[in-house]
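These notes concern the structure reproduced below.
Per-chain residue numbering starts at 1, and chain names A, B, C, D, E, F, G and H are given in the order in which the chains are listed.
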Amino acid sequence: MADDPLVIAGREFGSRLILGTGGAANLAILEQALLAAQTELTTVAIRRIDTTGGVAGVLDLLTRHGIEPLPNTAGCRSAAEAVLTAALGREALQTSWLKLEVIADDRTLLPDPIELLDAAEQLVDDGFTVLPYTNDDPVLARRLADVGCAAVMPLGSPIGTGLGIRNPHNIEMIVAQAQAPVVLDAGIGTASEAAFAMELGCDAVLLASAVTRAEDPPRMAEAMRLAVQAGRHARLAGRIPQRFWARASSPDR
Amino acid sequence: MADDPLVIAGREFGSRLILGTGGAANLAILEQALLAAQTELTTVAIRRIDTTGGVAGVLDLLTRHGIEPLPNTAGCRSAAEAVLTAALGREALQTSWLKLEVIADDRTLLPDPIELLDAAEQLVDDGFTVLPYTNDDPVLARRLADVGCAAVMPLGSPIGTGLGIRNPHNIEMIVAQAQAPVVLDAGIGTASEAAFAMELGCDAVLLASAVTRAEDPPRMAEAMRLAVQAGRHARLAGRIPQRFWARASSPDR
Amino acid sequence: MADDPLVIAGREFGSRLILGTGGAANLAILEQALLAAQTELTTVAIRRIDTTGGVAGVLDLLTRHGIEPLPNTAGCRSAAEAVLTAALGREALQTSWLKLEVIADDRTLLPDPIELLDAAEQLVDDGFTVLPYTNDDPVLARRLADVGCAAVMPLGSPIGTGLGIRNPHNIEMIVAQAQAPVVLDAGIGTASEAAFAMELGCDAVLLASAVTRAEDPPRMAEAMRLAVQAGRHARLAGRIPQRFWARASSPDR
Amino acid sequence: MADDPLVIAGREFGSRLILGTGGAANLAILEQALLAAQTELTTVAIRRIDTTGGVAGVLDLLTRHGIEPLPNTAGCRSAAEAVLTAALGREALQTSWLKLEVIADDRTLLPDPIELLDAAEQLVDDGFTVLPYTNDDPVLARRLADVGCAAVMPLGSPIGTGLGIRNPHNIEMIVAQAQAPVVLDAGIGTASEAAFAMELGCDAVLLASAVTRAEDPPRMAEAMRLAVQAGRHARLAGRIPQRFWARASSPDR
Amino acid sequence: MTVTVNGQCWELPDGSALVDVLSRLGTPPRGVAVALDGAVVPRAFWAGTALRDGASIDVVTAVQGG
Amino acid sequence: MTVTVNGQCWELPDGSALVDVLSRLGTPPRGVAVALDGAVVPRAFWAGTALRDGASIDVVTAVQGG
Amino acid sequence: MTVTVNGQCWELPDGSALVDVLSRLGTPPRGVAVALDGAVVPRAFWAGTALRDGASIDVVTAVQGG
Amino acid sequence: MTVTVNGQCWELPDGSALVDVLSRLGTPPRGVAVALDGAVVPRAFWAGTALRDGASIDVVTAVQGG
């Protein structure tokens, strides 16, 4: 059924599911998952070459299937670290698109709002197309859009927890005030939560662990692909209002 | 991606979404919704011919598209009423399949557990394939299966409320003890709830108002079709466990 | 602050917390918990004398503190068993008050709706003041009141699970239709849930495990006493409506 | 039952309920509510004298009952505004204690994380005892404690919404990492939510609208007083664990 | 004689059979069921089922619902 | 004769009455109820109730529970 | 000279001091604070603080709120 | 001279350029970026960038993550 494409920074995407590549047991499984998800954009991390197996592996895989890599700044703790990592990512992948992460600590992996906003401002000024991973604070989301981020990517819950969308009210407030596309990023554990994100009005969903660490990653990728479409259509279709008392769906006898 | 068919009373269904026909503004919209839902089984009510417009309309529509009609006993208040209505439905539609409803009152449209179990027992003895609409009580669900119902169809919330699945714990207990297929029936308001029903372990979802009374019924039917598939795959794919603290999806720096 | 007394079968109670005696490590702890709870009515089970330690212990304790014992039919699986146990309880304790339980299985300890209603009808006819432990089905609750039960006691969740009130919507429907006092029975795990039960409009709360199996039973009993009062006052005080957007509590600058 | 006092900046409070004075229809009702709440600390706003009725009214009231006033910076939009308002409050009330609010917009009344942290740092350096109203971001809460705030006061939901605690997981993370007392501030609508805040491990609860805008403010104040005590005791008493299946509280038959 | 058809009173000539009611109703060839005094009468028996004065007849079909 | 008391077999002299079982049990003066072959026997009738061979007796009281 | 007091324009004789504004306002003996051109002036300095033409004065107190 | 490459110490002949490090690493023709003393050096400048003793070089690429 017809739907508008997702548009970020003037670029159109047919898929509203962005898959992260982290956590997959191996490239073969990752490849099946990426194909089942039918994603057009996928995150990659930037690391020293000798610290990783299969250096070129993931890039070749993405190139082979025409999936756009989105470098991230995962693990950066300060604006300065993130800005350097962003520059390296741009040079390595020849793209100005960036998933910006500035993490406050390893236990929560939550963004540091001050460092994140600082980094976002610098990177936007430097010509990056910045997609920041942020918490679900409507104020920070608005300020990130105000400094020129191409989208805002609030979490549903902390990275890898699978706790789903813990505060739908915040996501609804972010969507209601959004000056930029809203991508629900992090916390999704299962398909119904991805559908729910879209029903709340998000423009897309970004997830990794929910698929790559599932028992059957390709099948979960398929589930997420269907769920994002389902939630998007449900949002557009105009759901029935909630009622306290029942209403019959058959005529009176 | 491969999946087992839904099997009820030895009969296989490729679709795990059962759409009710009630509440549609007209047959044209209903037809589009049925096709978008790709349902193979759909409920109809039994009423006096002169009390309804378009008598033959709905049956012709179902025949034209090869969709199996499932007569219901909507509006019946006693086992006796339901048994007579069931017999009329069998004669009119030449099918022994039946969605059994015995309602206690108009305000909640909740089933009367005593009358429902009584009717189910009589109808099973009379050779019907009985699919009872029941509340979410695991005990009543088990007793309905014990008397020979071909499936049990617990509600998520009262008919037409769109309140979703109010007590997932009860649905999980019903699934854990199920001797027969479990069909989540009534209360679904949007796609994520249909996906959630499947993730809880239900074998199928039955809904009407959520689609027929949505602003765009065909699109919502499409959303529900995708959501049921998404939830089914997610259940089979083995979701990640929930964690209190975060877990990184990128390697350490 | 002033409040009407709880009235069941014409009898007034100053306390709206009914404490069950089951699960306490010993009588000394039970005594402290009962006093902290300031309960006026407490459940006891009926068992063969040689199958239990401290036969007379619990009765003497209740007598000493002027707490009314409420015999139950815990563990009964059929109306017949429950009726005999009720008669024995009445003879042993010289009271016609009864907490009626008819359980369907050991795993869920959920009531069997058919046997429960049957037993309730017989016992009301036999002059008992019947307080049935029921599930949260508004229809069964209404039918129990219709046959003359002095109160209805729906569960929040299964006995001993500590899952709280899993379906507030059902409890609200029961309260809205109530012909008799509503006592939330079973499932409460902590104080906020007891307060919530009262806010939903319940007239009283019955609990045992949440107190007797807590690490510090007397303190939890105190917590429950305060919580039931808090929830009662909150219900009477008329809470503020929920709003999507904020509303300042300070004047503009 | 015995409990430790609440200690903030070395000062002990017997009450763990902090009541805001905003929103009361008149001083008489406010007085009854303050007495019913038995609060020892209460917030006041700082405004131009000719913009308000009953200038001295609220202060005299607090003095009469020995309730400590806590000036706030409600309505301030920047660190600079908040710092000046704080200085005026200190001069007017001769106290260095301050409820720091730096709001981002009128629609959400959510704090601006950057301005808030900036103001907090300046005011701590200037010798204020700073109690910041913050969102429920565990990172911002930790940074506020790191710069020397005497407590952190995360919201449950936006001011005046009565939406309760929308993200208990965040509150639990804040409590788990807390270097300073945690006061749940804003969003509480009814008593069970205040109890829940304490069960999550908060040290105190601050609320205004829930009491002052209730239909019966003194009774709701009483409810909140009891609820905060109930939740505190429940937290200390060690609640039973949650279980999927039931556990009997009566011995086997 | 007088019979009740779906709640309405009908005058019928004596000796009328169930089938006469149905033909007068213009009943479609399929999707219809009939109850005579609360018992279902299969289509095969419509012609052979004579009506008594005061008989109550219900003619039903499938409609949208449920 | 042989009777069953709370599930255990007891040998009693012929002509024993219900009260004999209870005294042997050392039943407390209150808080106890007795069922003989599934029917409650009020305390007032214990003395007057003769036992037959094979009788089944249940003696119960209140314990913590519920 | 002209000064602004809580947003309103006041005419004052030359040589007026901050204390003159406050006495004209009938300021209560406690619970009040004053900012002159955005800086707090402690009560002890009200008398000794001369006003310039165009000065901006804010006089605040505690009200219900928060 | 001694330089640090991705955290390890390397001995290089004097006059070495950045490109020498990369060829020794067998760097793939694409997907790689280099930072010299914390500043990115575009591939076009690798050959022309001389190394000083104590220089710190980071060579990175894209890996699964995020």
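In this section, a residue touches a chain if its C-beta (ideal position, glycine included) is under 8 Å from a C-beta of that chain, and two chains touch if they have at least 3 such contacts.
None of these values were measured; they are calculated from a predicted model.
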| item | value |
| --- | --- |
| Chains in simultaneous contact with chain B and chain D | A, C |
| Farthest chain relative to chain D (centres taken as mean CA coordinates) | E |
| Result of counting contacting C-beta pairs for A-E and A-H, higher pair | A-H |
| CA centroid of chain A to CA centroid of chain G, Å | 55 |
| Between chain A and chain C, centroid-to-centroid distance (C-alpha), Å | 47 |
| Chain E-chain H separation of Cα centroids, rounded to whole Å | 94 |
| Between chain D and chain F, centroid-to-centroid distance (C-alpha), Å | 64 |
| Per-residue multi-chain contacts in chain F, two or more chains | 63-66 |
| Residues of chain B whose C-beta touches two or more other chains | 20, 22-23, 45, 47, 51-52, 72, 74, 107-108, 110, 163, 169, 208, 244, 249-251 |
| Footprint of chain C on chain G - complex, ascending | 63-66 |
| In the complex with chain E, residue positions of chain A that touch it | 249-251 |
| Chain G residues touching chain D - in the complex, by the definition given at the top | 6-8, 25, 27-28, 30-35, 38, 40, 42-43, 58-66 |
| Complex interface listing, chain B residues touching chain A | 1, 20, 22-23, 36, 45, 47, 51-52, 72, 74-76, 106-110, 158-163, 189-196, 199, 208-210, 212-220, 222-227, 229-234, 236-253 |
| Complex interface listing, chain D residues touching chain A | 104-105, 107-108, 110-114, 117, 135-140, 142-143, 157, 163, 166-167, 169-170, 173, 177 |
